[in-house]
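Each structure below is given as structure tokens.
Next come two complexes, and both contain chain A; in the first it sits with chain B, in the second with chain C.
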Partner chain A sequence: MRWKWQQLEEKIVQLFMLLSFALILFCLLLILYTIVAKGLPSLSWAMISQTPKGGFYLGKEGGILNAIIGSLYLALGGTLIALLFAFPLALLLNIYLSQSLWADLVRLSLDILWGIPSIVYGAFGFTVMIFLGWRASLLGGILTLALLEFPIMARAMDEVIRRLPPDLPRAAYALGSTNLETAFFVVTRQILPGLATAALLAFGRGIGDAASVLFTAGYTDRIPNSLFSPAASLPLAVFFQLGTPFPEVQQRAYSAALILTIIVLGISLSSRWLAHYLDRFSIH
Partner chain B sequence: MSEIIPHLETQNLNAYYGSTQALEDVSIVIPRNQITMIIGPSGCGKTTLLKCLNRFIELEENARIEGKVLLDGENIYSPSVDVTEVRKKSGLLAQRPYPLPMSIFDNVAYGIRIHRLHSRGQLHQAVQHYLQVAGLWEEVKDRLHAPASQLSIGQQQRLCLARGLAVEPEIILGDEPTSALDPISAQHIEKRLIELKQRYTIVLVSHILRQARRLADYVIFMYMGRVVEAGPAHQVFNNPQHERTRAYLSGEF
Partner chain C sequence: MPASHRSKLDRWVQRGFWIFSALPTLLALLILAALWIKSQPILLSHPLKTLLFGSAWKPQKGEFGFLPFISGTIWVTVVALVIAVPICILTALYLSEYTSARTQRLIKPLLDLLAAIPSVVYGVWGVLIIVPWVQNSLAPLLGRWGSILPILTTTNPTGYSVLAGGIVLAVMIAPFIVSIAYEVLQTIPFGLRQASLALGATRWQTIKYAVIPKASTGIFASIVLGCSRALGETMAVLMVVGNVPQIPRSIFDAAYPLPALIANNYGEMMSIPLYDAALMTASLLLLGMVLVLNIFSILALRHVLREKT
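The block that comes next holds the complex of A and B.
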């Protein structure tokens, strides 16, 4: 009897796994289908090569080059700055502070930061900018995004380093390496694929976030020409265009979403390839 | 047997993990240019003793030691001694080889680069030299820039030997360096070690008595954290002074 029941258990659990997989796949395909079906008709060369002309938001000529460039600037800038702090922090947590109470405290703070809604980051960035007397600008947006991406990246990298086999740093110490040499020449080499994935995860979160750049980077029809000029972004382009009463403009919102999806997908795939390439040298 | 010239020496060495004592009052000498083998049942403190010789014990959590370890008469635990210098003086062969996550060439070049031992022009020559000494050159000369992880485990252990020798140590430490290898690869390593004792002092931990009989010039027998008997191999193996050594050698525990 016990045997029968175990088989049944197995079947039920498998069914649940299959169902959840199907549900996720269904959602993904539905989203992709909606974006492609509604966005593709109005996706044109003009959309990705021109900035909005007069009357664009009423359905007239122009494109969203301003938002594409703005989003890339914002997300790349934010990711680079977050990387500058997240990577050393992750190394510090694991190589210098390992097992100490401080490390746990820092991890807890990062987890809390991770959970804070992005609109709060936006409001925080905005408050700081007002205090400094800044206007909405590319730099403000980049710094706020960096703030948003930092805990995600640091925590993801922390997990990557934590899974490092302890024999690897020992092999380096045995050769008379200092902590710094071990960290940068050996540990980094081993975890490069994981670091690339962590950076991408944060980049994806950054480029898709609307709330944090709403107040801080603003929105403009022009391509930003300095760190202090405001910058448009794709999520906000979707948001504003969907909010208009004109069907043509709403359709353009979908094609903006399609462009955003393609960018994220492209970066995701190329980073997968990169991680795979780098992984050749890692020790498993 | 001529007078022993000590290269390494421990004086009243005690080691603790938390509140358990792993080494108790260990005072030994390790003769220069010989193969010293530390033998004893598992858990007797052989590996701990080895870890004390290159300050690896400091990487263990809650580990604490008392006493002295003298390398050429200088205490390696004295505060003025740089730990990286201590470790550079001894090449380590671990139980399982652990190549660095880089190419075969870079594995050997790593130590040379961080200690700036050779100029860039001489680097290739130096790498070739150490790969030859470790007996690996012929097998890898056509794929020096392939990942080290592609080598077999026996080749990896010889790569680790080459990598360790490249930092120009005086001592080679081995923690059961052949235990994870197949018999042929193990033989390779043993052959290299016998050649290398001309130039290096070698200290090996082993639980294989036959291997100890093959390789050892000097033997340290440990039991429950204490050194029971130490002396030239022929003396310990053929005429042990202590009942416990006799029992261990005859396979009673």
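The block that comes next holds the complex of A and C.
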């Protein structure tokens, strides 16, 4: 009797586990299906090759090229600046400070920064910009995104370097390399796939984030021509167009969401491919 | 290059690198300080009690009560956790204890994919699917019990509600909770399971009596981390939650969480006195809640994940 109950309990729990797992997969598929099914009908060449024309937000002609270019500028700029700080920091944490208390504290700070909501970064960026007398601009958006991406990238790179076999730097030291030479000529080359993945991860996070650029980059119908002009972004294009009462404009919000999803998933997939490709330059 | 130059260069770079290592801590302190300073005008002119527990939100009259927004944040987050936690823990257990290593390698990218989808896309999905579902199916279905359970009362005719926000959030935080809980479960020594199975326990008994007690701290930390993600999530929630500054009484009421307040009002925050300070206070409140949860869960997780090595 007792044995039977145990078997039954096992089956019931397994069923619930399977159902939970299936539910999460179902949600993922449902999201992708919804975005594709709703976004595809109004996706056209004009959407991705033109900037908004007069009356665009009433349902007239035009596209969202301004937002696509704006988003690429913002995320590229943010990723490059974040890379400039994240990469040396990750090397420093592992080569120069490997097991120290200070390294632990830096990692804790990075984890804390990683958890700060993007809207708080947006509010902080906005405050600093007001303090400096800047208006909403491409540069403001880039710097705020860099702040948002920096901890994600630094932590990801740190994890990659930490998984490195310790024999590799030891061998370099044994041959007489300094810390610096070990870091740049041996470690960096070995972790190239991981670095690329970390940078692309941060790029994907940056391009999809709306709350941080809402205050700092502004929104405009033109393609930004300088660092100090405002810049549109894809997530905000989705958000603003969905907020209008016109069905034609809302339709375009769906296709803007589809474009954004394609870009983000494309980045996610290509980072996998890139990591695989760069792996051939590492020692195994 | 002569050896002396090489080691000199190395020393210089090492000194320069030290600056980099101070950056994260400085940045975190700078953000806190900036928000603190900018919210001073309102913190000094209004007693903390009316700010935190006052429910009157009339910026034009200088009345700033954050209670509707704080309670909106808490409602949406709690609903999201109630939905997400059982499903996520069961999924993590399933992945870790029942599937082969090959399946696990296939599933991980899918979770990453789910985590990579931008929040505004989740928002669009919520508006298209979840809001109508809540309005047409869930509200009529669950609303019948409203007289017994007041949190199910339906007075809001639209689907833009705490429940819609909670469902969208639940889906958004699921990949986080699942992957961290899974990672925690992987740190449990295999021998522990073998010992339990060798005694004749079923797999579920092994999980219940051997795996879960050992992993409970880590699993709890993963939930707290998911909770702090949920607190700060802005765009997706903002799009489906209704944005009415009231204290919700039922999961079908509209709510107005803190991040939505900040995002919706930045445009006019310069035109009304003290309004910018009020929004900065909202950011500070949000940051405070997130920091407390984060620091706890990060420290707990570190402890758990380090035991492995």
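Just so we're on the same page, the second predicted complex is superposed on the first by the 262 of 284 C-alpha atoms of A that agree within 3 Å, B and C clash if a C-alpha of one lies under 4 Å from a C-alpha of the other, contacts with A are read in each partner's own complex, and residues count from 1 in each chain.
Keep this in mind: a residue touches a chain if its C-beta (ideal position, glycine included) is under 8 Å from a C-beta of that chain, and two chains touch if they have at least 3 such contacts.
These figures come from a predicted structure and were not determined experimentally.
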item	value
Partner chain(s) touched by A:134 [first = chain B, second = chain C, both, neither]	neither
Partner chain in contact with A:105 - chain B first, chain C second, else both or neither	second
Partner chain in contact with A:240 - chain B first, chain C second, else both or neither	neither
Partner chain(s) touched by A:57 [first = chain B, second = chain C, both, neither]	neither
Chain B versus chain C, judged by how many residues of chain A each one touches	C
Contacts of A:181 with chain B and chain C, given as first, second, both or neither	both
Which superposed partner A:189 touches (first chain B, second chain C, both, neither)	first
Which superposed partner A:281 touches (first chain B, second chain C, both, neither)	first
Partner chain in contact with A:170 - chain B first, chain C second, else both or neither	first
Touching partner for A:265 - first (chain B), second (chain C), both, neither	second
Those residues of chain A which chain B touches in one complex and chain C touches in the other	178, 181
Complex interface listing, chain C residues touching chain A	6-7, 9-10, 13-14, 17-18, 20-21, 23-25, 27-28, 31, 34-35, 38, 86-88, 90-91, 93-95, 98, 109-110, 112-114, 116-125, 127-129, 171, 174, 178, 202-205, 225, 228-229, 231-235, 239, 259, 262-263, 266, 279-280, 283, 286-287, 290-291, 294-295, 298-299
Chain A-facing residues of chain B, complex	54, 56, 59, 61, 84-88, 90-92, 94, 96, 98-103, 110-111, 114-115, 147-149, 160, 163-164, 167
Of all residues in chain A, those that touch chain C in their complex	6-7, 9-10, 13-14, 16-18, 20-21, 23-25, 27-28, 30-31, 34-35, 38, 85, 88-89, 91-93, 96-97, 102-103, 105-106, 108-113, 115-124, 126-128, 147, 150-151, 154, 178-181, 204-205, 207-211, 214-215, 235-236, 238-239, 242, 253-254, 257, 260-261, 264-265, 267-268, 272
Of all residues in chain A, those that touch chain B in their complex	99, 165, 167-168, 170-178, 181, 185-186, 189-190, 280-284
